[in-house]
Amino acid sequence: MEIIGHPLPDMPWEERPAGCRDVLWRYSGNPVIPRDLLPDSNSIFNSAVVPFGDGYAGVFRCDDRNRRMTLHAGFSKDGLKWDIKPETIRFSCDIPEVAEWVYGYDPRVVEIDGRYYVTWCNGYHGPTIGVAWTDDFVVFHQVENAFLPYNRNGVLFPRKVNGRFAMLSRPSDTGHTAFGDIFYSESPDLAFWGRHRHVMAPAPFEVSAWQCLKIGAGPVPIETSEGWLLLYHGVLRSCNGYVYAFGSALLDRDEPWKVLARSGQYLVSPRETYELTGDVPNVTFPCAALHDPETGRIAVYYGCADTVTGLAFGYIPEIIDFTRRTSIL
Amino acid sequence: MEIIGHPLPDMPWEERPAGCRDVLWRYSGNPVIPRDLLPDSNSIFNSAVVPFGDGYAGVFRCDDRNRRMTLHAGFSKDGLKWDIKPETIRFSCDIPEVAEWVYGYDPRVVEIDGRYYVTWCNGYHGPTIGVAWTDDFVVFHQVENAFLPYNRNGVLFPRKVNGRFAMLSRPSDTGHTAFGDIFYSESPDLAFWGRHRHVMAPAPFEVSAWQCLKIGAGPVPIETSEGWLLLYHGVLRSCNGYVYAFGSALLDRDEPWKVLARSGQYLVSPRETYELTGDVPNVTFPCAALHDPETGRIAVYYGCADTVTGLAFGYIPEIIDFTRRTSIL
Amino acid sequence: MEIIGHPLPDMPWEERPAGCRDVLWRYSGNPVIPRDLLPDSNSIFNSAVVPFGDGYAGVFRCDDRNRRMTLHAGFSKDGLKWDIKPETIRFSCDIPEVAEWVYGYDPRVVEIDGRYYVTWCNGYHGPTIGVAWTDDFVVFHQVENAFLPYNRNGVLFPRKVNGRFAMLSRPSDTGHTAFGDIFYSESPDLAFWGRHRHVMAPAPFEVSAWQCLKIGAGPVPIETSEGWLLLYHGVLRSCNGYVYAFGSALLDRDEPWKVLARSGQYLVSPRETYELTGDVPNVTFPCAALHDPETGRIAVYYGCADTVTGLAFGYIPEIIDFTRRTSIL
Amino acid sequence: MEIIGHPLPDMPWEERPAGCRDVLWRYSGNPVIPRDLLPDSNSIFNSAVVPFGDGYAGVFRCDDRNRRMTLHAGFSKDGLKWDIKPETIRFSCDIPEVAEWVYGYDPRVVEIDGRYYVTWCNGYHGPTIGVAWTDDFVVFHQVENAFLPYNRNGVLFPRKVNGRFAMLSRPSDTGHTAFGDIFYSESPDLAFWGRHRHVMAPAPFEVSAWQCLKIGAGPVPIETSEGWLLLYHGVLRSCNGYVYAFGSALLDRDEPWKVLARSGQYLVSPRETYELTGDVPNVTFPCAALHDPETGRIAVYYGCADTVTGLAFGYIPEIIDFTRRTSIL
Amino acid sequence: MEIIGHPLPDMPWEERPAGCRDVLWRYSGNPVIPRDLLPDSNSIFNSAVVPFGDGYAGVFRCDDRNRRMTLHAGFSKDGLKWDIKPETIRFSCDIPEVAEWVYGYDPRVVEIDGRYYVTWCNGYHGPTIGVAWTDDFVVFHQVENAFLPYNRNGVLFPRKVNGRFAMLSRPSDTGHTAFGDIFYSESPDLAFWGRHRHVMAPAPFEVSAWQCLKIGAGPVPIETSEGWLLLYHGVLRSCNGYVYAFGSALLDRDEPWKVLARSGQYLVSPRETYELTGDVPNVTFPCAALHDPETGRIAVYYGCADTVTGLAFGYIPEIIDFTRRTSIL
Amino acid sequence: MEIIGHPLPDMPWEERPAGCRDVLWRYSGNPVIPRDLLPDSNSIFNSAVVPFGDGYAGVFRCDDRNRRMTLHAGFSKDGLKWDIKPETIRFSCDIPEVAEWVYGYDPRVVEIDGRYYVTWCNGYHGPTIGVAWTDDFVVFHQVENAFLPYNRNGVLFPRKVNGRFAMLSRPSDTGHTAFGDIFYSESPDLAFWGRHRHVMAPAPFEVSAWQCLKIGAGPVPIETSEGWLLLYHGVLRSCNGYVYAFGSALLDRDEPWKVLARSGQYLVSPRETYELTGDVPNVTFPCAALHDPETGRIAVYYGCADTVTGLAFGYIPEIIDFTRRTSIL
């Protein structure tokens, strides 16, 4: 099995605890980012990190005490201790209709050909997918929104597919959407998008209940010889609200809208106090992952109860095996 | 005032009845198309017509007695008596993921540079905007869906704007959507779409209640020296359901997402028995219009109670004047 | 039996048609006021009339073609043919917070001690009960809103009770309220209100279904030796929306919050085309009544399908008998 | 083809009108029973008739002007002109918990081995299926409710199946149920029921939309050599409420929970004014049918707009052919 | 007072803690069964246990990490430490329509005349009551579903009543049902059920709010000289979801649908962290109880937050006294 | 800056913890009142305290284990340890219609001119504002309800304004109201109320999300030279329910319906376990405050998770500064 990616031998890591049978295990220092890392932050979660320079950089969802959703840049030497800038990112944008900032949340960051691209849920007469790029995590250049509203969880692939930029997204509505499939789209230029393809719908309740209401892409897909490894969240609605867990899928390398395997089991579901309680109880929501192709290690950053950020570890080959072994296709 | 378009001196027409003060008046032979024109049709409404050859052609929403929504081609000498083909349109499409037919409704047809383009609400894992072209209304070539689901009321402009195809649409959700704004998008090639712009939101209840829940573009916009004349429907939700009426707006010729005037009054609201009762009571829903630039005459085809097709007449200059005079901008 | 009131021998009247067994019967010329009596009116309904001078005057709900709800004064010689002023009433009000007009609908008018008082559903950060008085139906003086929002169907008694102004109303919510009881309140000065008493709740579905969802006072109560005769509307919710019918109750003369009798049967329920179809199908909603104490005749003005105004006739003694005979108390 | 049943050569009948292509056609005298046939009735609909003596008898849903739902017996010489008893049926019942009457509606009547059985939606801490028998339509003996609440549309087969009484029903909830499948149950003694089997679910929207929300059995199934012919209603929910239409199915004679054919098209859907408007617009709801085995004629009684009773005619062989030809199985 | 049952002197037990005034007190080792007792279990709760051999056996709801609901057999020496079989129960069933497994949850187990009967919420075109019996907790024989869908919380009495099997159940709908009464039914043969009687409705909010939305039977009723002691759950809906607590009732021994006393207070309501947080916060849901007639001791197994299993202790005479003392009848 | 009020040098107090940047900080002994302070209490929260004699008195919401909402008097020497009377307050009231107790919750207490006034949410055919006074917290005299239903969070000002009693309240509906503005009303005599003024609506989601669904007054406003300092709660609805936080506003001293400043940030939002979990998770709801004008200290009592009572400390000048600094006006 081949795993694509830059070597990352010093990525954040803890071995699987003794006696643990889980495919992904939680970091002992969780939450890795507390809710009040910034002086006035209400919560820091659903944030994205990438290798950058000799450490890491990221774009962070930091809700303030007005509970406004804003994006902040941050930097870290080890991926565990973070220096998050207290000022929000001010995007540079020369399209007047797009330049007006309303809100932004749940960012993803991906490196493509040496440049860093940020996608996020961007308020433009409703939520849609905002797109920007940066070379330094200081100046961010915002371009056209990828899609019409209403959309969330836009995630770029780390390379062009079929010669075009490729994005997963989850069309949505204006509120606490009670449905949601993952779709795939392509763009020759990051300005115009098309060739929309359906990727996955929620699973039937009787088959895999944790993902029976809606699903959405999580971190940037990881390319392997077995296909694109996608971590994605799924939602179950109990009589007491939504529960967000996440599992994994393998997508075809050339036609990523074709699903090769899809885990019936979840990888992580809310179980720890910081996942069970907070501003939105019972949420584990992955937005980013670091991985080392050599060792197959992966470190997944995930929002916990819409309040803090958690970290979990695993091995990519084991996740791929798990995806196939529990597949519901 | 200049009105763009092909001369259409013999278009369907009746003069305003004596004593009538309405800007648009109904055809005395309404419904112009009855629900059972086809042997097995349940209803024929929300249909589109254009000048074609020495008469007219169109794409018709004909729900069958399974109440499946299907599209049929039709032809007419005078725009009043229609020969609708009993077989549904079978679109030719070489994109396997797009070619599978699920359902299609509420078509619009527009001529651009001598070719006829059809847009409709197309079932692809939810409603989105299907696109096809034809030269003869016999063979229809389907291309990529314009947008991700969920979308309805996709309406092409009759010429390229800024060198690109231009479309209005109304992002939506999966059901009887209780919201809806009109957006504008452009495409260099009918395959990839972008440069999405917000055009209009519903009006505040206190300002113009008939359009306070959702709005959507109706017939193909008509170009004039005063701007693009757009007829659009609006919805009010009473305790007994939705009421669909329609009014008018003027859009900037070069930046059509900029609204120059917008009628606070409706042009037509359900008032006749065939509009007040039927499969969905209280619906008047325009999808097409014929006009003659010389005389300024316009004939609007609109669905009535989701059951039959109605026709209404007016003068474009009067509609433009009405739009400005009652404007709520 | 004594009926209180000014003689009104020439009030609008038609005898009960042959073979008719109904307690109230409809005017053969219904709708007595059509929807388009005013040039730009969308509908005229839920309106109030009183004897005035040698004829009648009234305050009319005339929705315009923006479907904004506005109030207009009107005059009539015979109570059948109406001259409604095309301009909306502009209330004179020296309380800045109250003076700002938002919307007004469903007016009632009552004469108390020679002065005419208007109450209506008045938009003030939500619907509440607006109050004004006039001597001539030309100049209207608006005073404090009677209650906090959210309230509708405020109806003044035609004389002070216990030395204080007395009003029925129906506390409500911000939308298409799915509940509603009738309450009674008193005021020494039309500025401050209190001594709130519960009068009636909706009836159980199994007992009187037409009034099982919500109820509200209709015309100004008529004083008789048997108690106050109150016509009130009731609502049933079917799978296809609300149905508004109306019945009658007798209230204690001194303690009007005590109900002496309450009709289980309705007097009028939607049955005619102009009641069954219109902007809101299936509505018969009484807001005013004229009566002649001598003959016991009553003429009830009621809104039909939220579109036009209907008229129905009856005899007060028969209505009182009906109320007692079918009483569900 | 063999059709089971008693000869009924003089049953109500009109031939198919010239030019009519419909499988069922409406009676020219519709509504066959008006809403006010009884002095105080609000409506008469969803009623059941059977051959009785030298004419017909029936059990009728007559809502009074309290809009209470009650059952009345009625008799007719020709099946067209009815003498409905003004007093409600008072069931004789020696089970105290069952004897208390709350409400009853939507009756069906069937003759089994010379005795007449009535089933209806019976209020017992919610709607369930009440059961009674009569020999003369004067004295009715009520036995145990067939099922636990919440249930509606209980319809007995006209003979025992597998040596046991057999019933179709539609489990439901407490309100305007938004789901509904048809189930089959058996009983050795009309007291205890079991061997519950699923028969049919609503059809997918894309396949047969008129029956995509819920379905329920209509008249008593008619036995033929081709299977049991079942007419059943289906419901579509538009943005303006439910639409009730009806179609047909063929059930296996020995295992009636097995569906042999099921019409994708409806037989009747609301189209006439008395079906489109009334207390509940857009309802055609069949509860009974008369048929003559010799000629294959069938006369279907169906409720119209929950207000009046309609009648439609057809030929059983044609309906069976239609069922197979349009089958969606 | 006499308590019926087999002696169980070594049942799980802890005395009431010093200072505790509660009628039921929690086990100090709670949760007695953790969520991950099985390698791949997501949660273990709402499970049933009975004395078996020289120890205990049970049927356990073990949701897997697909969050599918499945049933497992388990055994224990002391009722505290459990050996739950990792494979799901595969029911033996010779009725093809019933044999197909969809899902099963919330089991109850009861011994009647030396044989063990299992009832559970069984997926058969919606939730209904599945029934099976076993002699050894290894082979389980499934028989006909007791009722039509939609039903939950079917609980058999531990002996025949009036010579027939007797069951409590809670008719329901297809989702997170917002209503629910307890009914009683009888069967001569476990195949056909009837003689349905209403037992209890939710209490008025002002009287006993914890049981004001819906109620359902919990463990198998315990026979005493004072009547059947029934523990049952009740639900309150706050703005943040459902809260499940449980109380007690006394039912007539011969006519168990007659309630002799019903606790206004709850016995247990969510208070501990393992009850307040988990997959469904704020749930305490009893499904089984062990008791020793001699000492009057009872040990109640209850699901906690739909995640783990808790245990609580008490004395039956005290519970009966509590039921009467706080009775809301 | 001048702060009005009686000196309270020995009020409950703890200094701000080292490193704490919060404007309000929590008491280290929280919850200051546990849920089971009374033998049979389910919870004690949303309660009001005032200086009284040489200590403190209060009116407490103590829900019992029926989960009925009741009011109890209580006394304390230090404001931390409370002696709450186990018997509920029995109000003395000579208005028969008002005297009947249904339920009462969320009390506020204020001293005006040496007399103590209690307001609470009082059940009278729905929730409204009950009013009573006491001199000794032993005998309570109930007067007329201030308003018609449906209303909550009625809070009296500590002195007359414009010569009249003044009250804030939040008109509401019959359930878990999803809207809510703060209004202001005046009364000359505590019997009749009027001069209703709108004070504040919820904030736009994009501006201050914690208060975007509804808001309501908390403790009695504190008069200062800068205006009335009002603490008020705000609600955000997540996919998992409501979150109650609280912030602050400054109201004009003479026209208190005019808002001078309004905090965009919250002061306290659920963060501690006793706020995040309980009968209603994620609630911090202030009902009372003690303050010392000299030092500017304030101690805020607030309900936690609708289960226990918390206490938080701060300095009034800092709160005023915070209100202005983060103001969203």
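As written, the chains take the letters A, B, C, D, E and F, and residue 1 is the first residue of each chain.
As a working rule, a residue touches a chain if its C-beta (ideal position, glycine included) is under 8 Å from a C-beta of that chain, and two chains touch if they have at least 3 such contacts.
All of these numbers come straight from a predicted model, not from anything done at the bench.
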| item | value |
| --- | --- |
| Shortest walk length in steps over touching chains, subunit B through to subunit E | 2 |
| Neighbouring chains common to subunit E and subunit F, by label | A |
| Which of B-C and C-F has more C-beta pairs touching across its chains | C-F |
| Relative to subunit F, chain with the most remote C-alpha centre | D |
| Taking each chain's C-alpha mean as its centre, the one farthest from subunit A | C |
| Computed distance of Cα centres, subunit E from subunit C, in Å | 55 |
| Whole-Å separation of chain centres (CA-atom averages), subunit B against subunit D | 41 |
| In subunit E, residues with contacts to at least two other chains | 240-241, 277, 281-282 |
| Chains touching one another, given as label pairs in label order | A-B, A-E, A-F, B-C, B-D, C-D, C-F, D-E, E-F |
| Subunit D to subunit E touching residues, read off their complex | 97, 124-126, 128, 144-151, 169, 171, 173-174, 177, 179, 181, 183, 185-188, 191-198, 201, 257 |
| Residue ranges of subunit F in contact with subunit A within the complex | 21, 206-210, 236, 238-241, 243, 264-266, 269-271, 273, 276-277, 281-282, 326, 328 |
| Partner subunit E, residues of subunit F touching it in the complex | 35, 39-40, 42, 64-69, 102-103, 123, 176, 240-242, 277-282, 306 |
